[in-house]
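Please find one structure pasted underneath; my questions will follow.
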Amino acid sequence: MGIENATPGILVLFFLMLGPLFYYIEKAKKNKNLYVRKIAGIDAIDEAIGRSAEMGRPMSFSTGLTSISPTLYAVLGVLMYVSKKAAIYRNKLLVPQNNPEVMAIVENVVRDGYRAEGRISAYNPQNIRYLSQDQFAFASGYQGMMHRENVASAFLFGYFAAESLILAEAGKQVGAMQIGASVSPEQVPFFICTCDYTLISEELFASSAYLSRDHIQLGSLIAQDKAKLIIFVLLIIGILIATVKSFYPEISLPNIERLVTATYSEVYEYLRGI
Amino acid sequence: MLSTWLLLGTVLGGIATIAIYSFLYKENIFYRFFEHLYIGIAAGFFPVLAFKNFLWPKILKPMFGYDVYNFPDGTVSHEPSSLYFLYIIPALFGLLYYTLYIKRFSWMLKLVIGFSLGAAAGLTFKGFFPEILPQITKSFRPLVVFENSEINWITSFENIFFIFTLLSVMYYFFFTIKREGRVANSFAYAGRWLMMICFGAFFGSTVMARMALLVERIKFLAHDWVDAIQTLIG
Amino acid sequence: MKSNFRANLVKLLTFIGGMYFVVEFLVPLESYIDNFQDVHSKISDGYVLIGTMAFAIGIINLLLVYGSKLVFKRKGWFDSLVLLFGLALMLSVSVLDWRESLHSSKNLYELNMLSNFVETIISDSKSKKKGVPEVKERVRALERAYLKNVDVYERKISLVRNVILERKEDVSKVSSSLKDYRILNDKIKNAFLVNADLPIIQELISEQRQIAQHLFNLVYETSFIKKLYRLLYDGLFVSLGAAMFSLLGIYIAIAAYRAFRIQSFEAALMLGAALLVMLGQISFGLWISEDLPAIRNWLLQNPNSSAFRAIKIGASIAGLVMAFRMWLSIESDFTSGEDF
């Protein structure tokens, strides 16, 4: 199914999924104590930062191979939180980087984090280190850095590929407390084996809202759940239709795929026919 | 017979491999040397690649008309388009990344960051339905499958299992919807457990592939590297 | 006031950045714009260009971090020297290698042009293009240009053999290609004499161009710079990457040992599934049970694919909502801050 352009069905779905965002942001503004289920990995972020402060050892925050994308936007929320805490506790925060563009953004965010806590003098731009655009050169540099700096806490947030196990194992070898959050489910098993806490895919997107309890992020998280609910219901309807069709193939029932992918001219012809 | 250069390359590659493996014992000067060399080489490789594969053939060459052939009959292969000079605008805009290093103009960095994030957002919109809709529609499996007026129990069971896993895992990831009651909680836990089975299965399937990489490298050391050293010395 | 203006400017640019792709998705532009795919590819290149311009940021960072260690002789200065040496070496060798390849392509310019010219004559005559000379005139011009370049190319490719000999490389590859090249020379001259069809001339010139390209490539491939590049790239870069990748074989075993100690029910589930899949992949598993491969396939097709699908759907939806917020700059940690 090559969907090149939006169809009326897709537009309706977009509207249903994204429209409520503004409503839920307003709702979160009025009531900041909205329910968000407990996510152990996110609760552990403070514990990891505290551990690093107590031990007087640095912490590291890696965005992996994340490029400029919504995933990076989600990760930056957590990075801002961690850098603010690093500024307060005067922890050394190492941020190894893989992508020059992302590095510029990350440097900006970390500096803003330090500035927000009034500790801009403690900010050291040399802690934001470009390692390599090559996946394994990055992994090699990361594992060397973890050992030489004797990192106490490591955060692995973003998109990772095969090198994820090397990165996580490096932290394990130095006894670092690790929180891994991979947006690609393929790397989650490796994080589960090597990290103390693992956030699975979507939990990364929830982490910023969970940490900050900011009304915009909370509202966005609720809207995200509602959008998922729409797809959930769509799945159930589609499955029920397929089941009924299996029993009674001659019954004419709506085809959800056709409904969503029908072009403007097809919808117009259908409405004219009615 | 392999040339001297190829043999030298093989010998260097073997030494580099052993240096990387020495890290398994502990971080050491040998590993550190090759780690830094690796990073340096990679850092020198990518900018030239970007220029060679993108900037030169797609931007500069057509911009300055170096891809135009002047034919012997006085015609040309194609008219050079002055519209390529419009690329100067995104090029200059991209240079704003370097205001990171100039305190007075560092606010301008956010202009190019914002634009890039906006572009990424636009691409996400564009890519969402083409990627997700087929996955959703392929999940519309009937709970009961009939074949020749009889229920195909195996396929029906597979479908029920598939749908149960899909819905329970999706349900597990609802963060703001309270799970009230035993049924809801059990459904979410079922999703979590099925995910663990999924991760275990995936882990198991990658073990062989990873071992194969290790075997390949050890074979390289045991055969190609040793042979290359012997040839060079001998 | 100033900071408001700057923040609004960032939000505006963020919106504009995403605008094109959103509009392109919502409106079927190919129905309204001729040759839209070509236009779209050029616009996409513009976006890529913005990001590509940041290529030197990594190098600047390396120079700042490692350069300062070297200059001030701080701890790790020797490693910094190695890194910067590797950087300088690879940069210069890559640039010189590219220069060599451009020089090799330049040698082929006339043949490329003639090959292109024949194709153009054929396509113009098929499409009855106006404003170009008559086909006969063009073919005469083609013939004159070809004959004019025969001696030039004869000299160039003769030099190839001498260069290969000087470099003590295998000359046999060159000799047969040279022979083929000269045979094609005669065939093409003959084709012009007998006014052969253009497609035949096109095929002959194209074949000759390929042989010439092969010969000039041989000179390029046997040059010192190319060999040095291969030493750095294949010998070091690729080997180091393969070595790092192979570490996964060891780490996966360590990770499995550490994780699969059945500390919880979930760990037991993960271990059980991993064991079944691993045993289903090896011949030892068949000795335990013949059904293991089928169980393995079933596990990978059913819980694996459905759980991954659920996770990916959820992550995509989360990404979509995040993208919507990004595009409209709803919550702008990155657009605010005291830089303004």
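Points worth noting:
Letters are used for the chains, namely A, B and C, taken in the order the chains are written, and counting of residues starts over at 1 for each.
The rule is short, and it goes like this: contacts are C-beta pairs under 8 Å (C-beta built on N, C-alpha and C of every residue); 3 or more make two chains touch, one makes a residue touch a chain.
Bear in mind that the values here come from a model prediction, so they are computed numbers and not experimental data.
Each chain gets a centre from its C-alpha atoms; the one nearest the centre of all protein C-alpha atoms is B. Looking at contact counts per chain pair, the maximum sits at B-C. Here the spacing of chain B and chain C, counted between their Cα centres, is 13 Å. We define each chain's centre as the mean of its Cα atoms; on that basis chain A and chain C are separated by 28 Å.
A separation of 17 Å divides the Cα centre of chain A from that of chain B. Across the assembly, chain B contributes residues 20, 23, 32, 35, 38-39, 41-43, 45-46, 97, 100, 109-110, 113, 116-117, 119-121, 124-125, 132, 136, 139, 163, 166-167, 170, 173, 195, 199-200, 202-203 that each touch 2 or more other chains.
Annotation for chain A: residues 4, 6, 68-70, 73, 100-101, 104-105, 108, 130, 132-134, 137, 140, 148, 185-186, 189-190, 192-193, 200-202, 206, 224, 228, 231 touch two or more other chains.
Counting partner chains per residue, chain C has residues 25, 51, 54-58, 62, 237, 240, 244-245, 247-248, 252, 256, 270, 307-308, 311-314, 317, 319-320, 322-324, 326, 334, 337, 339 touching two or more of them.
The touching residues of chain B, when paired with chain C in their complex, are 3, 5-6, 8-10, 12-14, 16-17, 19-21, 23-24, 32-52, 54-55, 58-59, 69-75, 77, 86-87, 89-91, 93-95, 97-98, 100-101, 106-107, 109-126, 128, 131-132, 135-136, 139, 158, 161-163, 165-167, 169-170, 173, 191-208, 210-218, 220. Within the complex formed with chain C, the chain A residues making contact are 4-6, 11, 17-18, 21, 25, 68-71, 73-74, 76-77, 80, 97, 100-101, 103-105, 108-109, 112, 115-116, 125-126, 128-130, 132-137, 139-140, 148, 162-163, 165-166, 169, 172, 183, 185-186, 189-190, 192-194, 200-202, 205-206, 214, 216-217, 220, 223-224, 227-228, 231. On the side of chain A, the complex with chain B involves touching residues 1-4, 6, 10, 13-14, 34-37, 39, 67-70, 72-73, 100-101, 104-105, 107-108, 130-134, 137, 140-141, 143-144, 147-148, 185-186, 188-190, 192-193, 200-203, 206, 210, 221-222, 224-225, 228-229, 231-232, 234-236, 238-239, 241-243, 245-247, 256-257, 260-261. If you check the complex, the residues on chain B that touch chain A are 20, 23, 26-27, 31-32, 35, 38-39, 41-43, 45-46, 97, 100, 109-110, 113, 116-117, 119-121, 124-125, 129-130, 132-134, 136-137, 139-146, 163, 166-167, 170-171, 173-179, 195, 199-200, 202-203.
Only residues 25-28, 30, 51, 54-58, 61-62, 64-65, 68, 76, 237, 240-241, 244-245, 247-248, 251-252, 254-256, 258-259, 270, 307-308, 311-315, 317-326, 330-331, 333-334, 337-339 of chain C touch chain A when the two sit together in their complex.
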